[in-house]
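Please read through the structure below; I'll follow up with questions.
Each chain gets a letter, A, B, C and D, in the order it is written, and its residues are counted from 1.
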Amino acid sequence: MSDPHAGFIIASYALTGLVVGGLVLRAVVEHRALRRALEQLEARGVRRRSARQETAR
Amino acid sequence: MTRAFLALVLRDLRLAARVGGSGAMGLVFFLMLVAVVPFALGPDLNLLARIGPALLWFSAVLATLIGLDRLFQTDVEDGAIDLILSSDTPLEVLVAAKGVAHWLTTGLPLALLAPLFGLLLALTPGAMLAVAATLVVGTPALTFIGAVGAALTASLGRGGLLLAILVMPLMVPTLIFGVSAANAATGGTIAFLTPFLILAALSLVAIVIGIFAAAAALRQSA
Amino acid sequence: MPRLSSLWNLANPTRFLGLADRLLPWLAALAAALLAVGLYLSFFVAPPDYQQGETVRIMFIHVPAAWLGLFMYVMMSASALGTLVWRHPLADVAQKAAAPIGAAFTFVCLVTGSLWGKPMWGTWWVWDARLTSVLVLFLMYLGIMALWRAVDDPGRAARAVAVLTLVGVVNIPIIKFSVDWWSTLHQPAAVFRIDGPTIHPSMLWPLLVMALAFTVLAVALHVAGMRNEILRRRVRSLWLMEAERLDAGAETAAGAAR
Amino acid sequence: MRISVEGLACRRGERLLFRDLSFSLASGEALVVTGRNGAGKSSLIAMLAGRLAPAAGAIRAEGIGEATLAEVTNHVGHKEGLKAALTAEENLAFAGAMLGRPRLSPREALARVGLARAADLPAGYLSAGQRRRVALARLFVSRRPLWLLDEPTSALDAASQVRLAEVMQGHLAEGGLIIAATHAPLGLEGTKTLSIDAHVPSVDLPGGAEGERA
C-alpha cells in the first residue's frame, strides 16, 4: 500500500484493534478474577442457598 | 514520616481506583465542557483554534473545582480525619500527601488528555503541546489552592458551591499566566518562556502556601 | 403460555450463566472468523475509491463502529424498559454490561472518523451535525457509566440508570434536530458526506461483512460482560453472607489466633 | 505516665456544657465518664484528644518525654474512620501508618477483636458491630498508652463486650491509661468514675438555662 495516507489507515485499524482487544482482555481478566474469588469463597465454606440445595438433593 | 506520606497517597489512589472518585468524573466533565462550548460559540474552527488554549485552561479550572470539595470532606464524614489529625507525622506532610494523590488522579490526567481534546478545537500541534505543558506545570497550583478551600469547607454540609466561590478568585493569576504561556507558544508577541517560568513559580508558591493554609484550616474546622 | 414461561426460564440468571458458558466459545469463534474474512475483503478485495483513495478502507471499521454505538444504546434502552417495567434482574445486568461496550465502539467511531477526516478534509474535527451528535452520544455513555459507579446498591443503580437512559432516548432526536439546525446555520456550503456518493458492490460487501463481524463481536462481548456482572453480584452477596457468618465463627478463629 | 486535668470548662457555641472539671489519672488506671445525653462527654473526649480547645482550665501530661498528648493518644470516636472500599486489613494498615509506633500487625490486631477472618473483607460489607470492632482493633496497631474511647460498647454484642473488657484490663496491666465515655458499664474492676452531670452549671448561672435544655 503506497498510499500517502497509509499512516492514517494503519492508525485507524491499530486503534480499533487496541480498543477491541482491550474489551476482550477486560472481559477475560475479569472473568478469571471472579472465578478465583468464587473459589476462594467456596474454600472458606460460603455457598449460595440454591447451591446448597442442589448438593442436598 | 515518609511512611505515613506514602500510606496516605497510596490509600487515596486505591480509593480512586476502586470507587472511581473525583478523578474520572473530572475528566468527563472536562471533555463535556470542551464539547459544549462550541455549541454556544458556533462551529467556526478558526475562532475555536484561536481561543482553544484559553478554553482548555478554563475547562481545566472548572474540572479541577468539581472534584475538590470531596478532598477532605469524605474523611471528615467517616471520621478518618481523626486518624490524620492525631498522627505523629506533621499535618502539613499529610495535607501534601492528599494534594499529591488528588493531583495524580485529577490534574495530571487532565493535562495529559488536553492535547486530545485540543483536536476538537482544531489546535495546531504546537499549541497542543504548549497547553499540555502549561497544564502539567499549572494544575498543581489549582489543586493546592483548591485544597485550602476544601479544608475550609470540609465540615460544611454543602461545601461544593462555597468552595468554588472561595477559590476561583485565587486561581486567577494561574489562569492568566497559563493561558498567556500557551498562547505565546502559538505565535504571540511575547516569548513562551517568560510566562511559563512565572507559571512554574506561581505553582511552587501555591503548593507551599496551600499546604500550610489547608493544614491550618483543617486544625480549625475539622 | 408455554413459550413465555420458557423465555422466563432463560432469563433466570443461573440458566443464563449455563447458556453463556456454552454459547460464548461459538460466538467468539464466529466473530473471529467473520473478522478475518472482513479484514481480508476490506484490505485485498475492495478497490480504492476514485475520490477517497485508500482512505476508504477506514470506512470499513468506522461505519460498523458507528452502527454498534447506536445499537448498544438501543439495547440499553430496551433493557432499561425491562428494569423499570418488569423489574427483571437480568435486564439490570444487560443494561450495565452494554454501557462500556457501546462507549468503546462510539469512541472508535469518533477516532477513526477523525483519522479519516484529517487527510480528506484537512482537519481532525469539524463541528458538523453528524459528528457532533455522535460526540453527544459518547458523552451520554460516559454519564451513564459514571452513574453506575456512583450508586453502591446494584438494584437502585439499575433503576436510576434506566431512567437516565430512557430520558436519553427521548433526547437523542431533539439533540440531533437541534444540532442539524445549529450547524446548517453556520457551516460553510461545502458539506461533506461520510457515506460518499454511491456505494459500489465491491465496497458494499466488505462493509456488510465487517458490520456483521462487529455485531457478533459486540454480542459476544455483551454476553461475556453480563456473565461477569452476574458473577460479580454473586461474589458480592457471598461476601455479605460471609460477613454475617463471621460472628458465629469468631470465637474459634480468635482462639486459634491466640 | 500521668495525666491531670484541672478546672476544665467546655463551651460549645453559646452554651457552657460543663465547668470546674478536675481529675487525674496515672498509668494502670481507667476513668469512666458518665452523664446524660448532651452533657458533654464527647466534648471532653475531643478536648483530651486535642481536637477541641478548652474554654478554661488545663490538661497536663507527665512522663511522656518530648511527645505531645495527642501523639500518645489512641482515640476511637463514634465515627469509625473506616473506608468502605478498603478491606479491614487495609484500613488497619493505614491507621497503623498514621499513628506510628507500630505494635501488632493488622491481622494480629484483628485477631484480638475476634475478626481474624474479616481481614480480606471490604469494610463496607461488615455489620455495625463488626465495623466497631475493626475500629477498636486500631488500639493494637500502635503503641500508644492513652486510650480515649467514645461509647466503645455501642453496637457490640455481649460476647464482644466481654472481650473488650478483657482487652482493656490487659492494657491497664501493661501500664496503659483508659478514659472512656459510656452509658453502659464496661465490666472493668477498680475504675474511677466521673459524672459530668455534677459539673453542669446550675440554672441560675448565665448560660446554664441553655445547658439544661440539652
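Definition applied: a residue touches a chain if its C-beta (ideal position, glycine included) is under 8 Å from a C-beta of that chain, and two chains touch if they have at least 3 such contacts.
For clarity, every value in this text was computed on a predicted model and none was experimentally measured.
**Student:** Please identify the chain lying most centrally, where each chain is represented by the average of its Cα atoms.
**Tutor:** Taking the mean of C-alpha atoms per chain, the most central one is B.
**Student:** Roughly how far is chain B from chain C, going centre to centre by Cα mean, in whole Å?
**Tutor:** 32
**Student:** Need the CA-centroid distance for the pair chain A / chain D, whole Å please.
**Tutor:** Chain centroid spacing, chain A to chain D, equals 47 Å.
**Student:** Could you give the separation in Å between the centres of chain C and chain D, each centre being the mean of its C-alpha atoms?
**Tutor:** That gives a centre separation of 52 Å.
**Student:** From the C-alpha centre of chain B to that of chain D, how far is it in Å?
**Tutor:** Computed from C-alpha means, the inter-chain centre distance equals 37 Å.
**Student:** Where in chain B do residues touch two or more of the other chains?
**Tutor:** 19
**Student:** On chain C, where are the residues touching two or more other chains?
**Tutor:** 239, 242, in rising order.
**Student:** Which residues belonging to chain D are in contact with no fewer than two other chains?
**Tutor:** Where chain D meets two or more other chains at a single residue, that happens at 117.
**Student:** Thinking of each chain as a vertex joined to the chains it touches, would you call that graph a line, ring, star, complete, or other?
**Tutor:** other
**Student:** Okay, what are all the chain pairs that touch?
**Tutor:** After working through each pair, the chains in contact turn out to be A-C, B-C, B-D, C-D.
**Student:** Under the touch definition given earlier, write down the residues of chain C that touch chain D in their complex.
**Tutor:** 152, 239-240, 242-244, 246-247, 249-251, 253-254, 256-258
**Student:** Touching residues of chain B toward chain D in the complex: what are they?
**Tutor:** Of all residues in chain B, those touching chain D are 3-4, 6-8, 11, 14-15, 18-19, 75, 77-89, 94.
**Student:** Please name which positions on chain C make contact with chain B in the complex.
**Tutor:** 114, 123-128, 132, 135-136, 139, 142-143, 146, 149-150, 179, 182-183, 186-187
**Student:** How about chain C: which of its residues touch chain A in the complex?
**Tutor:** 14, 48, 53-55, 57-58, 61-62, 65, 100-101, 104, 107-108, 111-112, 115-116, 118-119, 217, 221, 224-225, 227-228, 231-232, 234-235, 237-239, 241-242, 245
**Student:** What residues of chain A sit close enough to touch chain C in their complex?
**Tutor:** Counting only chain A, the residues touching chain C are 1, 3-6, 8-9, 11-13, 15-16, 19-20, 22-24, 26-28, 30-31, 34-35, 37-38, 41, 44, 46-48, 50.
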